[in-house]
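Lettered A, B, C, D, E and F in written order, each chain numbered from 1.
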């Protein structure tokens, strides 16, 4: 393992000129302005666990389509709880209900959102993406509808994410002023987007975020899903400006200035999937108070269990324990 | 490169017990019984070529959905022509109109079918698959809807293929008694399925066919798309019998006994993508007269340009030159 | 991914003639006959978790040397609890205290043993192996002292494991009649060894066990730590019989007939690290009642979260819920 | 896939100081000054094609040695035709006569030159290189005789290429004022050399050209035949200046200023075989009018079928359609 | 590392039916019947060594062409010495004169033959192969002229080897009754061929021999030069019987019954370059007394320095120390 | 193969600011100040060689622990000889006694030191490292005790090396004023350390030295043992400054200014294991007269046999032949 992107000093200095679409705000306002409620339903699940109670969640996401998830609450908890809303890494579905026990074990409400259409290799998913599958999609999600911001997959996924954050704030066991969004990789990118588009969020904790600074990421990332864009453009020669225009609408580094909540980032310097420079691009542009934990010798796994403790301590400090 | 499957002698002796669903015929009859015409339309294309004239084709495929393709005719050809209907390898779209010039240069009508939703890495595609994208699909097409024969992607693709063969027979420049189906890999598997399901086809020329003998293929194939099924079952543990039941409806080795047209197969002994034993399973069960060219030292590329000449000679003999 | 070992049918029939050292029982009696108590100490740890209480454990292991671990108890639990004693996979240390929350969340006491000297790549460790490092050791543990059963690393590790099981039985919160040993890979091999050498264990749940049927494993395993033995013998030519003799003393398939507790195995058919035939060798020879869950399309990850539920259900049935 | 060479902006600015041997012109004048005619012979071939007529060609190449090729003419063509002379990529032989049908299908004469001694992996060859095989050659052609410009393989191959261009101009069906040289990779380097050394050529269309800017290419290319030089110098330490001196005589970037015909280049920015900076070195130094199509997300495959259309349009514009 | 060929028990039983060409003896008699002397010349070399004296050797090889080598004699040796004639592994040239010091340090004359045309990657060479380079040769030597026994490269190399053994017997410092041939891989195959074709040799010591049992080797070898034949036949489809006929003339397993001198083989069971079954094919058919050292856990490196001591002890026993 | 570090021009300019621990001299003085003699013993070995006599050596190394080696003397040598003390590359043990014959064949005494605990893959070892094995060590030696300079493995290994150089000077057959230290990779790093810490050494010949400029090496090296440090820090997050502090005590580039003997370096520009910039860091800081041979196209193998001749010539010049 070795550095494959900028050094740490270069990352601190890296400030790319990202193109912000003129109608960015209008695009998202139009997409998110929905009077319909999130229609969250909660079905109890028997996981066999005694210390944590779990519900299968359904929320009306983009287009009113059903998006699933899990809600964990600590057994015997009383009073409104702070809530961690977690978005998942690329490819991962919500998995089995007993897979992620940290936040509820620590006394938090924990809401996990399934990523529509995803759910292979790492964890099963349960949410379909009921939209036509365009020709030319590179297997995966990063080029699904990439020729138009309207049809692009990530428009739908970000909308789902905003609505899950809203569902969390409306849940009776949750304190609506202490809803935090977090996630690793794709989940980190979604956290940033929600922090920018959803004013009621109390904090964001994006880890090794994906979906940042596409123009550089597609040229630099030596592995992982950014390569889907390169593979697409290798075949569909001449669509480059159209594709990067679409991507700019969902680019978390483009959206980041709109955020105001405090944020704790983590970035890994030997990350070949989400190159550190692209994560720093989002960090530098982030609109709220911010801190970053840099993991100098890690690849895309980042801070793992070590960073969970950083997050827990940071939240305890933010909210008062 | 080395053998990674059975030896040639073992392949000649390999006769697997494939499970044939009781309602196989009913399933396909129900699927294909459509009174609606194929509604083929032909739009001329300016390719810049002088020796071949080309049309962009649209056919009403499964569910009446538009499926595209190309039709090439030799310039100055007169009278009804024999026609080669070609289905494409996995991942490939119909490409640019001037990419495949062999059959028209040899005096044949040549009809190429786009594979719905496909079209990456090797050649662009233009045909969407306007169906919901279920959760849990391994990127690619082999597990899209694999939990049910009704929803499975290959049900739709095989139906498209049958209807393209029918469109060929109805084209005024084509001699309906000399319509041949062919293709490499996925195209080979589709050729076998069409030969089995579409009585009017005059001959089939499947090359290193995919979609054959799934139960063995999924365990043996060291690379390529069969691995999508293994990856799916690795995560969705316990769905094995359900998945293999779905696959049996589109397994070209299961369908092969229903074919009656003469066939020229090609099989490669060092093929790690479509293991030779699985191709021989289809060959042995094929219902019509048959020959096979075995390429002992080739991987999945098979006979390439060399085999094109074998096919041309075989067709000239079959039809009289 | 593809099969790289025997098929499932062949595995059911595979019964190797394993050489059992004449003094096997005497060797282990001599090794384990220690009058000294296990001297377990328990130091509370502040993990930040509210639903689970955790202690850092120290047990006097082989040679009275301090071996560390974690003990998790469900908060508010009362009365003696069933206890799951977990041994770790190769290379992994006990990690951070909040990494494994499943069993305590499910109402069990959960005792995790650090593996002496290990703790890299996947999870940190805290236990030294205070013994001389012989020349010629292939980096790793599988050849450390392999020229003599007395000096071999796994003699020490198995002894540690036996003493952790004993410590569990002696803990005041634990019901000594419901102590279960489990683990994945190396942890699975250790579970088998403890079940064979430690009569008070109530059940064993070995997953994709390592340390089984060395003579075959070293020839067949295409990846993973068995290769350390092959690498050693490639350089130290002529030590083959001496090395396999040492290995036979710690071979879980050799020890397995001595077990009497009921067992739930898991075995993965595409496991290239711990080939399924070698796991079946242990299964077939296992002395107690036994069941096995076979994962046909998994590599060494085996059943993962899916299998945790199988284990929980099996334990609930065994102990009555 | 990612950038592994300079960025596009850096490539536009990259102007290496290439060492031009003092006797470069004399060397090539001496090599090419042959009064003997090219002695082209044309033997008709029955390819089975109806739209294209094909001849097997033999030309007296370097040393009067027989070099083979194919000539394709569109059936029924009348009057002198523009002619595309194509040189082949490294390793490829002329192949079977029906493999390359684009230019003749488009109404051009198409002359393909076999590369002496080559013809493996991609397409068979038929032309021997009847010269002694020196000790120390790294398998392949890039170090065959590399210790002396006189004996170097590429001196012979470039000479063959010049004489094929001359043969095209002398063919009765060809318009001598509309002979174009082209080729991919090695064929692109040969096109540049012929454009520089053969004044009668009407245009050059080099694609992702090989044989350019050896001093940088040997240090930067991560894959492909430039590595043969590195491998040679790794063993024959101390021959570095001698070897690079030889290479400078056939370096297409060194020769490029001598060209006067208009040229259409293609360069791929993620090309790890022929790094884009080395292609730009030739482009910047090229003596005639020039354009370049840059493929930003392609590896060494470059523009493929997409670029064929660019070339056809460019030629139609150049020659008037 | 793992077994990739037959097990040891299977190798002991493996007796392939190799096709022996009817005119095999006549072919070699015609090839080797040369009245001309070997014309060995010996030029002293200043290596800087004090304990060993070295000469650069030239012998008239096949066609009277000059083949080089080294002769080492122990300083201060007196009286006729036993001589080890060593042939080199594939790709390796004679190297620098001080690279191989074992046999002369042990008191033997040591004659090393350069392999014509070879000399890359591992050690430089100095001997050209002054023959035309046919089209279609896969880079390397295994298909150079493979369409005809007369033109095949290995006909020339074996002839060189026979003549070097003769030169050794004629050298004044050498005892002609104690000339031994040896070599690793290609050198092992040549040792077997010389033992079969050159009656005066006192012993043969082939190590992990190449050039044995081509029909199986080409199908089974997962790496190394046998793959050149597979690659050739993958492109030149239909030449299979012609090529294997040529190979049978130089197949060391075909020639082995003709040998009468005692032999010490070494074979490695995890050898993926020269699969053990193919070496055993030669061993079983070898005509003289024979022993074999089997290295069960080695790949193609075989016994290395360990086996040198086995050879030294075996020679001391054979010749009396 | 391609450059993966700085270019040669950049390497000549590269002068890193290395942190020198304040107590560096005190640390080494304390470590090395031992009044006890080296207690070298020499046991004759029967290698079967006639030109070289060999002894198995034992020296009291760090902590008085027995460290083994070989001593070779040219047979019949008289008078005090110059002596080459060789330290070994990472992982390699002293091997069999007849493996390294060059220096004794050239008339030098040759003392080879076993590396404690090492001896796998390339050559067996015979020296144990009788120290506790701390938890968390990445397999290998680079992180063994890396949390403290006192406990770090390389403190012990460097001490052994200093004492072997002293043993050489005390041997009756050796001229104490002509003792040279050398070695490849790890052996090169040890040579530099000994030259800096052991005043009586006459010259140093470090080849592609390891253990140089750790802060850069750990970030840049794409393969090899520097990666152990990166892997350690990836898991033990937050120990970075502590670990690099320990490494600075044994960093050969940190120690190099203390050397006064003349030195001949070799550095390879395509070395991905010991990146050339890190070797140049040591070269630039080296305190004595110095020369360097740069191998521009070699990876970590460096100059090999070619460089042995450079070394021999350099020593002959230094000492007078």
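What we mean here is this: a residue touches a chain if its C-beta (ideal position, glycine included) is under 8 Å from a C-beta of that chain, and two chains touch if they have at least 3 such contacts.
Quick caveat, the model's predicted, so the values are computed rather than measured.
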* Can you give the shortest number of steps from chain A to chain E, where adjacent chains in the path must touch? => 2
* In this assembly, which chains make contact with chain C and also with chain D? -> A, B, E, F
* Asked: If you take the mean of the Cα atoms for each chain, which one ends up farthest from chain E?
  -> A
* To do: With over half of the numbers shared counting as same, classify the chain B/chain C interface as same or different.
  => different
* Structure fact -> Most remote chain w.r.t. Chain B, using mean C-alpha positions, is F
* So, what's the distance in Å between the C-alpha centres of chain C and chain A? -> 38
* **Inter-centroid spacing, chain F versus chain D (mean Cα positions, whole Å)** => 50
* Asked: In chain D, what residues contact two or more other chains?
  -> 123, 231, 306
* To do: Could you please write down every pair of chains that are in touch?
  => A-B, A-C, A-D, A-F, B-C, B-D, B-E, C-E, C-F, D-E, D-F, E-F
* **Complex interface listing, chain C residues touching chain A** => 48-52, 74-76, 95-96, 98-99, 101-102, 104-107, 123, 305-306, 308-309, 312-313, 316
* Residues of chain F touching chain A in their complex? -> 218-222, 227, 230-231, 233-234, 237-238, 240
* In the complex, chain A residues that touch chain B -> 93, 114, 116-140, 231-232, 235-236
* Asked: Considering the complex alone, what residue numbers of chain B touch chain E?
  -> 1-3, 7, 270, 295-299, 301, 303, 306
